[in-house]
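Across the two complexes that follow, chain A remains constant while its partner is chain B and subsequently chain C.
Here is the complex of A and B:
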């Protein structure tokens, strides 16, 4: 095979490799958008009721979860809570907000703490109920829950102006993504 | 020896008389004893009422104290514990970085603070004085202030700002919690004071009750002892009287027996010594012996009859009898006595009198005793009236024996039916007798449901009346007797 032929084949492989994930992501996003009305599949971002924030853009949300932002406008330290490893909600957050798998997340977290970039590590809690109680007790707490697990003790904030039940809400749990994420 | 024996006998015989005449014999009567017992009962009941009232008040005070002060103290104790638990759980959250544990401690702290808040609300709801209300309001305010700090501390701990949390707790939490502690102590002190006051009341009531109970016991013991002593004295007195009567009876009967026996012995000696050799003489002595023997027999019969009436279950032959038959039988039996004494008998018997239920011989004996008495105690006017009539009001037949004899003193009327009793007047007049006749007559009437009454006046005479219920209206005593007899006679 000539060098030109090899280059063409390589180009085709690269194009196909790059095209496939995009197509896959687009399909997933479409499926997520279609599932907007299912509260058990929507992931609500919850904060303490005393928190003045009602709306966050997705990028701000990502900054908060990535530890790039440490305090709320009212001065309270942001306390992120994560569900334990293996929970669908945690997988969804890793996939949609952190955009990384579990291992990468752990590496990034450890590295950040070692360097001092991450001042307080996210709290890992055992169940949605404990998450709810934590956010209720901590004025600076922020966490995530299935929309069906939310109650009056916490406040759900809008992401890009949308609530979990709204059409086009981005944070959806994909139960089938377990094998891929792990 | 003989003299000493006689002396001892005389002394023994004088003992009842001495006792009867002493203060012991004249003191408390049975009525007075009963009055003493009633007094004891009344006193005891009176004291019991007071004691029950005191106990009731004590109980109410204790209950009030329990529901108020004691429960209040318990509630304050609970609140103190829960307040400490609120703070303790908050601080426990500082000791771990595990978010799950921190949330668990936060939960515990909030549960405890909820119980304290409820306790304060309950205290305020039960507050009875302005002071209690003020104390409760102050406690509620200070507790709210502390909770505000607690919430901030808890939030800082959960957010991972432990240093700030400790700083806040030391600067504000401690002082706010001290306020709460002081408020709770104030509430506790008010309950303590109230409880002490109520305890003092209970102690006072208990002392009063104890005093009354002691007084009741002492007075009851004292009066009871007096009553028992009086009753025993009364019984002893009765026993002594009975003993005296029995001694009198023995003396009387001995005398009664001795007189005919002496006559019999004299007559027999006359025959033995040949003083009565002629036919007429022998007849005369034989008649004396026969008459005196009959008299002896009569005395012995009387004693036996009295003993028979005293049996627990005497046996009678009950049937319907007419008083005409009773009177006829009595007159037949006493005919020789009446004629011998030269008495005239007047009988007035209503026609068509209904029958009564009795034993003919016993009822006749009753009437005989009355006739014998009438003869015996009529010294000048030898007249006897025997009558029978119906008392429709009482449904009884009345049989009366009337005499114009010496009469009975009013004081003796209550004793003449006592066994062995002989009035001093009769004894003084040396009229012989056993003192059993009227007792037997009374018992004979009563055993068939009847009764024996008397009316008498000194120097005018006496009327003894037997009241017998007519057949069909016989009282239970006779029926029960009839049952026993029916079994015996069947």
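Here is the complex of A and C:
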């Protein structure tokens, strides 16, 4: 075999050797994504650290946000906090928990207040930082944050036994849903 | 409210005194400490009597501080508030609006919040609840106000009826959260009656306390929880699909046959029932007057000692979102002039399906009037209404029926009234809707309710049309 041939074979081997681990690592990353949700896309449900609740079923969560349940087991009144109109986290909550668009949500909320079904309207706050502060300060507070925005001042609760980083966690922010949600 | 304010103001004054006393005490202690510390090095001539006086004064101040702290704790317990330092912890949170209502707030803004201490397991004891956060500042009065109104053009072929532009009800719906568990609610309505004069009514005035999910207590003037419609739509045409309420739920001062309003107390809440979603409502109040020329709602004085009672149970099963069904029983005793006492029983059953784009209401009731020792009169009534929204358009159909005896002792003028209504609601914007409705109604013995036609015992079928603009603000 000529020197030129050896060089070609060597080049092919090097290319394959370099390519294989890359493909392998891509597969591993994909598997990791399957196993653990993207923290910036997962929506964490947060409560005050003093709240004894650690887990809610999705239907219980929906009842809380719809105003059908107004008190925690420890007696504190539930204080829902929503992010302001147009934010991706809010759109995700409207789509996944309320199952309605912004207009319908406003209408249902106003109707609930008018009828007396909703005792106090949810707080609407401007940013995740203020949401964290609110939930930290309000023993009955419940809100939502991107998992990447959560810190230790609030407690993340499991939804159907799953945390935001767990596989199968259903509260995911869909950035592409803006057009349909609004 | 004023008592609470007084307590809080007093608390603030005492707190200031405590602070002053603490500062003085600390200064004296520091002075004494520095004097002692300097003793080994510098010889200072201190009058022993003076020193004793100072020590005595420190002891007095400490004792006074102790008493004041105890008093502050007592007052805070009474008024249910925490210290100002805690109050300020979530200032901007309170300043944020609660959608979808307008918040009117007076008073100085709250200070910037302190940064939460991460991992502080004690914050629940130090932190106020949301209600406290909102309302501890006594200089702040927060009213949530929403308004609703309507305006229309109405006409019909009933004899004597003219076509007219009409101002409907202008409704200010006002709520105020007095604490975490107490809320004030009112509906202030400006309306025009048949004589073209304006009237102002507090249609609902309620003080509500929510103890837990199973018990909410309310007192004041409210809409009687007879069936569904009366507590679902109240005094706003905005929320209802059609231009008018079903005839059986017309207001008392517009010829309605039910005790729509009641002044009294109410208890309501959930019944532990899992996925069935049972709820209850129990009410005791003045009931309605028996005097046909008096104000129908007995707001201040009851004409008799007997109280009306209403009980309702309804279910919202998880399995079928939007479904609600239930029944109610209302009992009262009426003292109609020149007539024996009448026992009144109103039973209602309903099933409704309310979804964002679909609505199906079905409700039937029986009004039973039993004069002592005389014939019992039973008046059946029902309505059914269905609608579906297609974009901005919501076509709807309603059929209603009420059939009262010619000798009915409480509402002898009603007779038979039945027929369909068809209409279209057009939601032009998020706050303005147009409605067009056509009614075709068979009437028997329709006299004083609508005016001058369908004279006694004749049967006629007038039709009417309405164009209405509803808006919220």
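Assume the second predicted complex is superposed on the first by the 146 of 182 C-alpha atoms of A that agree within 3 Å, B and C clash if a C-alpha of one lies under 4 Å from a C-alpha of the other, contacts with A are read in each partner's own complex, and residues count from 1 in each chain.
In this text, a residue touches a chain if its C-beta (ideal position, glycine included) is under 8 Å from a C-beta of that chain, and two chains touch if they have at least 3 such contacts.
Predicted model, so just to flag it, every value in this text is computed and none were measured.
Undergrad: Applying the document's definition of touch, where does A:41 land relative to chain B and chain C: first, second, both, or neither?
TA: Once the two structures are laid over each other on A, A:41 reaches no partner at all.
Undergrad: One more residue to check, A:75. First (chain B), second (chain C), both or neither?
TA: second
Undergrad: For A:139, using the defined touch cut-off, is the partner it touches chain B, chain C, both, or neither? Pick first, second, both or neither.
TA: Both partners, chain B and chain C.
Undergrad: Quick check on the superposed pair: does A:124 touch chain B, chain C, both, or neither? Answer first, second, both or neither.
TA: So A:124 meets both chain B and chain C here.
Undergrad: Please tell me which partner, chain B or chain C, touches more residues of chain A.
TA: Tallying touched residues of chain A, the top partner is C.
Undergrad: In the overlaid three-chain picture, which partner chain does A:87 touch, first (chain B) or second (chain C), both, or neither?
TA: The answer is neither, since A:87 touches no partner chain.
Undergrad: For chain A, what residues appear in both contact lists, the one with chain B and the one with chain C?
TA: In chain A, positions 48, 76-77, 79, 120, 123-126, 130, 133-134, 137-141 sit in both the chain B and chain C interfaces.
Undergrad: Residues of chain A touching chain B in their complex?
TA: 48, 76-79, 81, 120, 123-126, 130, 133-134, 137-141
Undergrad: Spell out the residues on chain B that touch chain A in their complex, using ranges where they run on.
TA: The contact residues of chain B facing chain A are 99-100, 102-103, 106-107, 110, 151-152, 154-155, 158-161.
Undergrad: Could you please specify the touching residues of chain C with respect to chain A in the complex?
TA: So the residues of chain C in touch with chain A come to 89-90, 92-93, 96-101, 113, 116-121, 123-125, 127-131, 133, 144, 146, 173, 175, 177, 180-181, 183, 185, 208, 210, 212-213, 216, 231-232, 234, 236, 239, 277, 316, 318, 356, 430, 472.
Undergrad: Using the touch definition from the top, list the residues of chain A that touch chain C in their complex.
TA: 48-50, 59, 68-71, 75-77, 79, 82, 100, 103-104, 106, 108-111, 113-116, 119-126, 130, 132-134, 136-141, 151-153
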